[in-house]
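What follows is a set of notes on a single structure, which appears directly below.
Chains here go by letter, A, B and C, matching the order in which they are written, and residues are numbered from 1 within each.
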Amino acid sequence: MVTKSLSTPTEGIAMILNVQGVTKRFGGLQALTNVTFDLPEGQILGLIGPNGAGKTTLFNVINGVYAPEAGQVIFRGRNMTGKKPYQLAKQGLARTHQVVRPLNELTVRENVIVGACFGRENHRLKQASKIAEEVLNFVGLGGKIDQLAGSLNITEKKRLEMARALAARPYLLLLDEVLAGLNPTEIEYMLNIIRQVRDGGITIIMIEHVMRAVMGVSDRIIVLDYGKQIAEGTPQEVSQDPRVIEAYLGDPKLAKKLMEE
Amino acid sequence: MQFGNLLTSIVDGLLIGAVYGLAAMGLTLIWGVMNVINLAHGPLIALGMFSIYLLFSNFGLNPYLALLIAAFLGLIFGILIYFIAIQRVLGASHLSTLLATYSVNMIIIGIGTAIFTTTFRNVDYSLGNITFGPLTVLGTRAVAALLTFLIAGSLYLFLYRTRLGKYVRAVANNRAAAELMGIPSTQILALSFGIGTMLAILAGGLISTMLPFTILSGGAYELKSFVIGVLGGLGNPLGSLVGGLVLGLLEGIVPVFMPNTWVPVIEFVIFILILIVRPTGLFGVKK
Amino acid sequence: MKRLMNPGLWITLLIVVALGLWPTITRNAATRELVFTILLAIGFASSLNILLGYTGYVSFGHVVFYGLGGYIGMYLFKQYNSPLWIAVPAGGLAAGLLAFILGKSILHLRGGYFALVTIGVNEAMRAFINTLKPFGGPTGIELDFSVYKPYGGAANALWLVYYTAFGLALLFIIISFMIKTSKFGLGLLSIREDEDAAEVMGVIAPNLKTWAFVLSAILPGMLGVLFFFKNGNVEPGDAFRLGFSIENLVMIMLGGQGTVLGPVLGAIVYQRLRGLLLVSPLFKNIQLSVSGVLLLVIVLFIPVGAVGWLRNRFPRLRRVLP
C-alpha cells in the first residue's frame, strides 16, 4: 500500500478545493457555520458527524446545489461560489447522492453515458458509450448494462451512482454514504473501488457512517456537529478527540461503533 | 366620466370580484390539498349555473334555496369525481392529473351541450335596486357578494376551527405525515375535492342570478380563477377572496381608462408575471 | 448517417408516406381534407412531443405558436402579397423566437406551474391580438380569393398546401428521431427523469430546455400559416383555441409520449375516431363526452400509451421502436 501523507496541508502543496468560512441557513436552522478547510490533491478526506450535522448540505454547497449565505468555495483555484451544479460538473466535480437518483426510464448504460457526455470531458455519444461500458465493468454492473435503471436493486443503484460520477472523469469526487446499507462483502468491494479511484489520481471526499471503513481509507478526517467543524486531523487523532466522542454520545449507536475501533 | 359612474363601476367590480373569488376558492383549495389543477372547474361552475336555472324555472324554487340543494349535490358529485377520475392518478405526473380533470371537463361539456345546446339562458329573478346616495347596485349582486363573504367565512371556520378542517390542512401540508398520525387521507382528499366542487357550484349558482350564461360560460371563470389563484396564492383559499376583489376592481377601473378589450390582456400579463417572479402568489403563503 | 437506419423510424415514415399519398391516388378533395387534418395533427403532436415526451414539460398553451404563426403568415399574405415559401418559414421563425423568449423566462417553472403559465401565455396572446388593429382585432384577417391566383387558382393552392404539410410532417418526424437519438436528446431525457440529478451530472438544463421548446414551436408555427392560408381567414378565437393544444396532448398520450411513433399513431387514431364519432348520429351530439371517457380510460389505465405499452410488454421492442 502506498504510504499516505499524514501531514496537514501547508502552503506549496497543490490544493484542489478550498472551503472558506461557508455558512448555510435553512430558515431558522443553521445548517453550516463557518466551515473552512483545504483539500490537497490526491487525498481521501473523510467527512463524519451525527445525522443532521450538515454533511450532505456541505456537499450541496460545494457542488452548487445551494449557494452559501457567507463564505467561498474555490475549486482548482477558481472561485465557484454560487455557481450552478452543471458549471461545477464541467470543471471536474462529480458526486453521488445519499438518496440514489437513477434516471429510471433510461438504461443503465444511458445513465452512465449522461455522466460521460455532459461531465468534464464532453464526449460524443459513441465514445461516451465506450467509457460507460468500461466504468460499468469496473463497478461490477457490466451484466446489467441494458436494463432500465429503475429495475436495479438498491446496492446496484449505489454502484450506478458511482459509475455515473466516475464516467465524468472528475478531478474531485464527492461520495455521500455510498457504503450505507451494504453488507460487509459489498462494503469491501466498494472500498476497493474507492481506493483504486484514488490511486488513479482522483481526489475524494467521502461522507460515511461506517466508521471502520472511513477510518481505514481516509488520509484525513473532518468531523461536523450541528454544522460546525469540531475536529480535524488524521483518523488516529480524530478518534481520540474527546469532543468527537462527546458529539457521538448523542447518537449512542454510533458512539458504540466508534468505541469499537 | 362622472364620479357617480366611476363609483358605481368600482362597487360593481368589487361585488362581482367577490364572486370571482368564490369561484377561485374551489380551484385553489383542490390545488393546495392535492396539488391538482382542476381543468373541470369551468364546467363545474357551469353546472352550478344550470342547477339554479333548472330548479328555478322548472320547480319555481327560490334561487337561494336552490343554491343550498345545488351545493349539497355538488359536494356529492365532487366526491364521485374524486374516486372515479382523480384518486388513481394522484401520485402520477402533472400531465396525468391535468388530463384526467380535462377528461371530466369534456364529459360534462359534451353531455351539457347535447342537453342544453349553447344558447344563452338566464335566471329571471330580481331583487330590485339598492341606492346609497350617488350609488346604485343591483340587489342580486349585493346579495351574491354578501353570500360570498358568508361562504368564505364558513370555509375559514371549517378549515381552522373544526377537527375535519385541521385534517384537511394536515393532508395539504404533508400527506405522508398526516397518514402517520392516523388521519384517513383518502377520505379527506375526497372530501376536499367535494368541497372544491361545491364552491365551484355555489359560485356558478350566484353568477347565474347576475348574468346570462351557456354551458360553456364556466371556461371564462375558470381562467379568471387561475389568475385569482395566482394572485392570492395557489393553495390559499382565503387569499382567493382578496385576489377576486383585486380582479373585480381591475375590471371596474380599467374600462374607464382604456377599451374593455384590454382587461383580459392586463389580467393575463399580471398572471404570467406573478408566476414568473413569485409562483407562490402575491399574498401567498407556503407551497 | 448510420443512426437513421432504424426500423422504428422507417415504419413511422412509411405509415406517414402511405397516408400522405392516399389522396394523391384517389384525387379526392374530401380525402385530402381528412388527411390534411391528420397530417397537421401528426406534425403538431410530434413537435409537442419533443417538449412533453422527451423533456417532461407540459405545455398546455402550445397552440399559441400555431396561432402566432398563422397570424404572421396571414399578415404577410394580406399586406405584402408574400408568397407561401416566405410566409411559412416566417411563421416558424416567429414561433421559434417567441419560444426562445418564453423559454428564457418561464422554463424555470416546474410541473403544474409551467402548465399554468403556458395557458396564461396563450390567453394573453389571444387577448392581445384581439386588441391589435393591424391584425384586425376581433374580426381577424380575411384573405381575398386573389391570393390563390399565383398558385394557379384555389384548387391548386390547396394541393400545394397539402403537400407542404406532408413534407414538413415527414421532415419533422426525422428531426424528432434525430433529436431523440442524439446527445442533445439524451440530455433532454435526463432532464425529464430527474432535472436536478441531470444538472449535477453537467447537463445545462436551462439551455437544453430552451432549445427543446424552440424546436417544438417551429413546426406548429409553420402549420399555422398553412392552415389559415387554406382557411382564408383567421380570428383570435380560432387561432388560440386552448382545446387544440389539449387534443394534441391527448394524441401523444394515446400513442405513447416520448416515442417517435407514438404521436403519429395517436394523431391518426384520434382524428379517425373523432371523424367517426362526428358522423355517427348516435354519438354526434355527445362526441366530446365519448372522447372524454376514452381519454380518462387511457390516463387511468394505460398512461404510457400504445407504443409505451408495447415497449414495456416486449422489452426487445425498445431498440426497434425509438
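Note that a residue touches a chain if its C-beta (ideal position, glycine included) is under 8 Å from a C-beta of that chain, and two chains touch if they have at least 3 such contacts.
Note that the structure is predicted; figures quoted are calculated from it, not measured.
Taken as a contact graph, with one node per protein chain and an edge wherever two chains touch, the assembly forms an open path, each chain linked only to its neighbours along a line. Farthest chain from subunit B (centres taken as the mean of C-alpha atoms): A.
Annotation: B-C is the more contact-rich of the chain pairs B-C and A-C, by number of C-beta pairs in contact.
Distance between chain centres (mean CA atoms), subunit A to subunit B: 50 Å.
Mean C-alpha position of subunit B lies 32 Å from that of subunit C. The geometric centre of subunit A is 44 Å away from that of subunit C, both derived from CA atoms. For subunit C, no residue reaches two or more other chains under the stated contact definition. Considering their complex, residues 52, 56, 58, 60, 105-106, 109, 111-113, 115-117, 119-121, 123-124, 127-128, 130-131, 137-138, 246, 249-250, 253, 257, 285-293, 295-296, 299-300, 303 of subunit C touch subunit B.
Against subunit C, the residues of subunit B that register as touching in their complex are 31, 35, 37, 84-85, 88-89, 92-96, 98-100, 102-111, 113-114, 223, 226-227, 230, 259, 261-262, 264-265, 267-269, 271-272, 275-276, 279.
By the touch criterion given at the top, residues 63, 65, 84-86, 89-90, 94-95, 97, 101-106, 110, 113-115, 117-120, 124-125, 128, 164, 168 of subunit A touch subunit C in their complex.
Chain contact summary for the complex, subunit C toward subunit A: residues 182-183, 186-187, 189-190, 192-194, 196-205, 258.
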